[in-house]
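Two complexes follow with subunit A in common, the first pairing it with subunit B and the second with subunit C.
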Partner chain A sequence: MAERPAKRVLLIGWDAADWKIINPLLDAGEMPALESLVNNGVMGNLATLDPPLSPMMWTSIATGMHADKHGIQGFIEPAPQAQGVRPVMTTSRKVKALWNILMQNGLKTHVVGWWPGHPAEPINGIYISNHYQRAYAPIDKPWHLHPGTIHPKEMESVFDQLRIHPAELTGAHIMPFVPELKKIDQEKEKKIEMLGKIIADAATIHNAATYIMENEPWDFMAVYYDAIDHFCHGFINFHPPKMEFVPNDQYELYQGVVNGGYRFHDMMLARLIELAGPDTTIVLVSDHGFHSDHLRPTGIRKIPAGPADQHRSYGVICMKGRNIQKDERIYGATLLDITPTILSLYGLPTGRDMDGHTLVQAFKKPFVPEMIDSWEKVEGDAGMHPVDLQEDPWAAQEAMQQLIALGYIEKPDKNKQKAITKTTNESRFYLARVYMNKSMFQEALPILEKLYKKNPDEIRFGLQLIRCLLELGAPEASQKILDEIKVLAEKNRKKKEKQTDYTPHLDLLQGRIFLEKNRPMQALESLEKAEKMLSSHPGLYLQIGSVYSKLKFWNKAIDTYQKVLSLDPDNAQAHHGLARAYLRQRRYVEAAEEALEAIGLLYHYPHAHFNLGLALLRIKRFERAAEAFEVCLRMAPDMNRARRLLIHLYEKQLNNSEKAEAHRKMLEDSESA
Partner chain B sequence: MITIVSGLPRSGTSLMMQMLEKGGMETLKDNSRIPDVNNPRGYYEYNKAKSLQKDNTWLKDAEGRCVKIIAPLLCFLPVQYEYNILFMTRNMDEMIQSQTKMLHNMHQQGAALESSVLKKTFQKQTDKVLLLLSNFKNVRLQKFSYNEMINNPTANALLVNQFLKSSLSVNAMASAIDQSLYHERL
Partner chain C sequence: MTDHADQEKNPSPDTRPRTKHYTSYEDFYNDIPEEGSLGILAMGFQGVLAWRRKKEELKAARDKQNFSFEKSEENHG
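Let's look at the complex of A and B:
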C-alpha cells in the first residue's frame, strides 16, 4: 500500500459487549453514537477463544497471539519469592503489545486501563494501569495511587484528581439504571453499592481517556472499559425476558440495569468520537459476548472462573475510518485479528508469528498485507518493562519450589501454598485448553494427564482429559478415566456435596466414547439420557447430530442441527454439521453455503474449510476449492486428506504441477514423520 | 555490621562460611541441618534465615557475625543494618547438576522445568537481586567465584580479607578449601 490507510487509530475495548443486547437498543435509537459507527463503517461478530477469560483475551487482542505465546494464563499468578499469588501483571507478558510495536515505528501511543495493565509500561505516551480506577479505601480515608499506576510518574498528580469515588455518586447518577431507586433499602440491599462502583470505575477510566485526547498529541490510543462485563455479571438475570426463578419485585427493580449500562457506554462513546475527530479510524471490540436470552445459565458452577459460563462465544467488532468500507458486515473475525488489522491500518507489516490475520474485507481497497517474520526480533526501544522486571511467574515459581525442596527456603504457610498450587493448576488447565483450542492435542495431553493424576477429585480436569483423548482417537483410555470419574461422581452425589452435578456431562462423554468406538446405537442411548437433564442445550444436540451422521441418518442429523440453530443461530458447529450432512446427500450448493456460514462465524475452523473445499470441488469450482483446501492446510497442516485432494486438483484440474509437487513433498514429509 | 554469605544453593556458600569461621569470624548457625553426603562438613545454616521474608527480628543477633542467606531472600533485608555481602557464583550448569544430585539424595522433587529454562530463571532472579542491592546504600557486595576459589585458595582468601577490611587468617581460610569435594566439575 502506497498510502497509510489510517492517520491515527482509536481502539476502544468494551468487555463483554454483545450484539444480541445492542441490536434492540440500536433499533430503538438508544445508542446513537454506536449507530453512527455502524452506519458509516463495518460491523460483525468477533469470535472469542477458549478459555474465554478476559485478561487472556485482551492480551490476545493486543498481541494477535494465543495465550501459549503471550504468556498471560488466567486472572492470577504466583507472586515472587513464594509470597502467595497476585493479579496477572504486564511484566509477565512475553511478547510485544500493539502499542510497543507502534512506538518502535515512531508513533505516539497512549493506553488507558488495559487488562492486564499493571505496572504501567514505559511507552512514549501515557499509560494508565488497570488498578487506576479501583477505590480501595472509603472516601474519607487517603486514596493514594499505587506505585506503577501511571506512566510517566510526573503525571500522577493530574490523573489522581480525575478519579471518581463511588461515594461521590448521588441518586441522580443511579436512577437512569434503577428508576425505582427510592423503593430500595440500601442498608440491606448491596446491589446499589455494587452498581455505584461499576459506574464510578467506568467514569474514572473515561475521564483519563478524554483528558489525554484533549491535552496530548497522539497517533494511537487504546482505552478499555470493563463495566459492561460487570453490569452483566451482576444484573443479566434481571434483564428481559424474565427468567422463571427471578422474583417479580427484583425483576421490576433491576430489569433496566444492563440496557442502562449500554446507554451509558454510548454516551461515553459519543464523546470519544467527537474528540477523535473525522480523520481517526475507530475500532470498537469486545472480547466475548454475554448470554442474555434463553441460553442464560440458571446457576453458576462453583469452580474457579465459573462465571465465565455466562460468556457467549461472540463479541463485537465495529470499525469506521476513511479507508474502511461503509455500512457493511464483516465475517469470520476473531479477536486475534485486531492487532494485525491495526498494523495494516498504519501500513505496517504483520508478524508471521501472530495467530491472527488482517481483516482485509473491512478495507475499501483490496490489498495483500505485508508480513515480517516477527516483531519480537525488531530491536529498539518499544516501551516495554526493562528486562530485569520482565519475568515468567510460572518458571520463577518452579525455581522457588526447587529452593524450597533443597531446604534453603522455608515452605510458605499452608494457605499461601494452597493458593499457589491452586493458581498453578488453573493456569496449566487454561494452557491445556488453549492448546486444544488450537487443535494441538498432543501438547495438551501431558498437561491434562499430570493435572488429573495429581488432582483425581477435580472432575473437570478428568473431563477435559477425556475430550483430549477422544480428539487423539483413544476411546479405550477415555473410557477408563470416565469409569473412574463416574465412581467419584456417584460418591459425591451420595455425600450430597454441594458440587456441580456432572451426570449429564458424563452421559454426553459416554456418548462420544461409544461414537468413537463405532457403537452409535449405544451412543444415542447415552445422549438421550443426557437430553433428559439438559434440554435446550445446543452442545448436546450437536453431539446427537454427530451420532445421526455416524449412523448415516442424514435427514435426522439435519433436523437435529437445525434444532441447534433454532436455539443458537450463531452456532458455527451446527452450520458445519449441516454442511457435512448436505455433502453426503449430494446437496453440494447447500453444503457450500452452510460451510461458508460456519466459516463466517468462526474463521479458524479447518474442518469447515475442508468441507467447503469438498463441496466446491463437487460443483467444479476448482480454483475456489483449492483456495479452501489451502486455508484448511494453513490452519491444520497435518490434514493429509486435504493435501491429497489439493494435489489432485493442481494436477488434474488447474494444471499447476509446481504447486502439486510442493504439496506432494509436504505430504511425504508429514507421512514419514 | 552484618556479614552475609549468599548465592544460590550449591554455589559454595557453605564453603565460604567454613572459610570465614576458620579465619576467625564468628558465625551465626544452629546446626539444625546435620552434615550429610551433600555437605560432609555441614551446612552452616541458621534456620530463621530461611524465613527472612516473614521474620527479620533475629538479624540483631547477626551483628558482628556472619550468616548464610539464600540469594532470593536478600531483597527482604531491612534497612536499619549495614551489610557486607559475599555473593557466591558458580558455573550455572555445574550448580544445577549439583542441585539435582542433592535433590536425588534427599528423595525430593525439584522444579518441573527443563534445565535450560531453570538456568535462565535462576540467572534472571540472581541478576534482579543484584540490581536491587546495588541501589541499597547500606549494602557492600562482592562476588566470589566458587570455581576460582577452588583453583586459587590463597588469592581468594586475601580478597575476602580485603573486602571485609579485616584481618582474618588467610592461611586458615585457604586451608578450608578441599578440592576433593569439588564433584560436579564440567
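Let's look at the complex of A and C:
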C-alpha cells in the first residue's frame, strides 16, 4: 500500500445540494459548519451525469463507474420470477462499491441510508438500508423493521429505537421552516404533513449515523441524506425570488422552507464533524443541483422521471482533511471521481475500469495515483450479497409508493407483464442516454432504434434517437423521424390530450437538423420559431450561437453565447462556444481562457480540450498544448484531428520522436479501422 | 406538463398514513422551545433519547400531579 493521506474518511451525501442556494446562506453566516469545511478544505462544483436520476448517480458515486457498468438503471427494475416490478436493489449492482473494496483491505466500514441500499449488505461494519427511516404505520400501530434493513441482524433492536416517527415531532419542529404555522388549515393543506415526514426521516438517518460514530470503531463511514432533494421538490417554487404563478399567501407561508432545510443540514453536519474528530477526512457531495432561480421550470413534464427536469447539472463537493489543500477551489470534478479519490486517501490503487479519476488537485502533496486493472478481480470476502438473494417484497412495495408519489415513476400497470415491459423500456432508454453521455453513440443507436420502432407513440424515444443520429452525422435519417414525430405531435395536439407540448422542442431539433444539413438560414428560422415559446432557454441560445458560428458571424455568435451566460453562468457549452469564436477571431488568449472555463465546469469535454490545445498551440505554449490534446484523445480516441496536431507538435516543436511515432501508429490503426 | 394547480392537488411526496396536525403551541408532554427543537434533532441519537426521557419525566410528573389533585378533590369532598 502506498502512503495513506487519511486516517479515516467520512463521506456525507446531501442529495440535490447546490452552491447557488448555499452561497447566500454562507455569506449570511447561516451555515457555519459547512463554512468551516469550505475555509479549511477545498470546494467546487461536482458535475452530474445524464440521466440525472438519484439511484444511478449515488451508485456512480460509490463505484466510480457509469451505469452501463454498475447496472443500476433507473428507479425501478423487474422483480425476480416475473413478479412485476420493484425499486432498484443493492442486489442489482454488478460491481463492488467503495465499502466492499475497503472491507477487502481490512478497513472497518459502515453505511447508512445509501440509495439504493436495500437489502443491507453483509459488510464488516453496520449497514442500514434506505428503507430504514420510512414510517409506514400510524404512531400507535406496530412499526416493525423489515427484514434486510439492518446488518448485522442483532443490531436491529438498537436501531429500531432510534427511529423518529413524524407524529413524534411537534409544531416546534415545523415552525423554524414555517413560522406562520398557526395560519394553516392542516386538514386541507398537506404540505405541513409532508414537511414533518421529511424532517423525521432525516433525523432518523442522523440518529443511526451518530450512534455508529459514537459507539463503533470505524475507518470509513458513508451516510446519505435525501431530505434536501425532498425539501426542494416540495417547496422550491416558493423559494425567493417569487415565481409569477405562485399565490402571494402561499409564498409568504413557505418561502423559508428550502433555506430552513439547508440550515437544518448544517446543524446536523456540525454534529458529524464534532464526532468525526480532527483526524478524519470529510468528503461532502451531492449528486446534482437544483434550479432555484429564473431557470426553475414552471411545470413538471408528465413523463417518467419528469421531476428530474428541476435538477441542475452541478452538485457540490467539499473536502477537508490533514492532507487536503486549504481554502482552495477545485475544478472539473465529476461524481465519478469520488471513489477513486477516497481510494487514494487510503493509499489504495484506483481500478483502470473505473470511469473517474483521483482529484489530485485537492491533495496538499502532488502524486500519481496507483492503478490496478480492476478491483472486481480481487478475490475474498467483500461483504456483497450472494447472487441468489431474494429481497423482502413488502419493503419494496412501500419504497415503490414513495417513488410514485414523488412523480419519479408512474403507477405500475396492474398487468404484471405490461409493467415489466414499461420498466424495461425505461431502463433501456436510460442506458442509451448513459452511452450518449459517454459519447458512445454507436452503442446508443440500436437501443434507441428498437425503442422507437416498438413504441412510436413515445415522442421522448424518437427525440433522443434524432439527437443520437445527429451526433453520428445522419441528418437525413433524423429528418425522417422528426417528420413522423411532427405528425404524431399534431395529432395529439388536435386531440387536446393533456400531455407535454413538444412543439418548441421539435422546432429546436429542426434547427439542429438544418444546421447539420448546412442550411443555417433555415436553421435560424426554426430556432426563432422555438424562441417564441422558449424565451430565456439557454439551450435555444446555444443553438442560435452554433448557427451564427456556422455562418461565421463571430460577433453575433459571441453576443449570443454571452446571452446564455447571463442566463446560466455555469454553462460549459457557452464558454466552449466563446472559445471557438475567439479562436476564429485570432483572440487566442481569450479563447484559451474560455476553454479552461468550460473544462473547469465540465472536465469530460473532449472538444473543449481540443480547442484549448489549439489556442495554446497558437500562443506557442507547446507543452501545455500537447497535454490538452493528450487529454482530449484519452476521452475521444477517434479525434484524429487532435492526433495529427499532436504528432506535428511532438515532431516539430517538442522533439519527441518516440511519442510522435506512437501516435502515428494509433492514427494508422484508427484510419484503417 | 402539470401546472401549479395540479401540484396543489397532490403535493405530498409520500403516501404514508396521515399522522397528526402540528400545533403552534407547545403541549405539556412535548415541552421544547421552538429555537431548540431542531438542535435536539441535530444532536443525533443522544439528543433524541434525552428529549424522550425528559418527555417521560414530565408525563410522570404530570400524572403524579393529577393523581394528587384528584386525591385532594376527593378529601375535600
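Rule of thumb we're sticking to: the second predicted complex is superposed on the first by the 646 of 673 C-alpha atoms of A that agree within 3 Å, B and C clash if a C-alpha of one lies under 4 Å from a C-alpha of the other, contacts with A are read in each partner's own complex, and residues count from 1 in each chain.
The rule is simple: a contact is a pair of C-beta atoms (placed from the backbone, for glycine too) under 8 Å apart; a residue touches a chain by one contact, two chains touch by 3 or more.
Only a predicted model underlies this, so the values are computations on that prediction, with no experimental measurement involved.
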Hey, is it subunit B or subunit C that touches more of subunit A? C
For A:285 in the superposed arrangement: first (subunit B), second (subunit C), both or neither? neither
In the superposed arrangement, does A:95 touch subunit B (first), subunit C (second), both or neither? neither
In the overlaid three-chain picture, which partner chain does A:399 touch, first (subunit B) or second (subunit C), both, or neither? first
Between subunit B (first) and subunit C (second), which, if any, makes contact with A:268: first, second, both or neither? second
For A:191, select first, second, both or neither according to whether it touches subunit B, subunit C, the two together, or no partner. second
Give one of first, second, both or neither to describe whether A:25 is in contact with subunit B, with subunit C, with both, or with none. neither
Partner chain(s) touched by A:234 [first = subunit B, second = subunit C, both, neither]: second
One more residue to check, A:207. First (subunit B), second (subunit C), both or neither? second
Quick one: classify A:162 as touching subunit B (first), subunit C (second), both or neither. second
Taking the contacts subunit A makes with subunit B in one complex and with subunit C in the other, which residues are shared? 401-402, 405-407
How about subunit B: which of its residues touch subunit A in the complex? 8-9, 33, 50-51, 53-54, 70, 72-73, 75-76, 99, 102-103, 106, 108-113, 117-118, 120-122, 124-125, 127-128, 131
Can you list the residues on subunit A that touch subunit B in the complex? 80-81, 83, 388, 391-392, 395-396, 398-403, 405-410
Interface residues, subunit C side, partner subunit A - complex: 1-4, 7, 10-27, 30, 32-39, 41-46, 48
Where on subunit A is subunit C touching in the complex? 134-139, 162, 164-167, 169-176, 181-182, 186-187, 190-194, 196-199, 203, 206-211, 214, 230, 233-234, 237, 245-246, 263-264, 267-268, 270-271, 275, 298-302, 306, 401-402, 404-407, 500-501
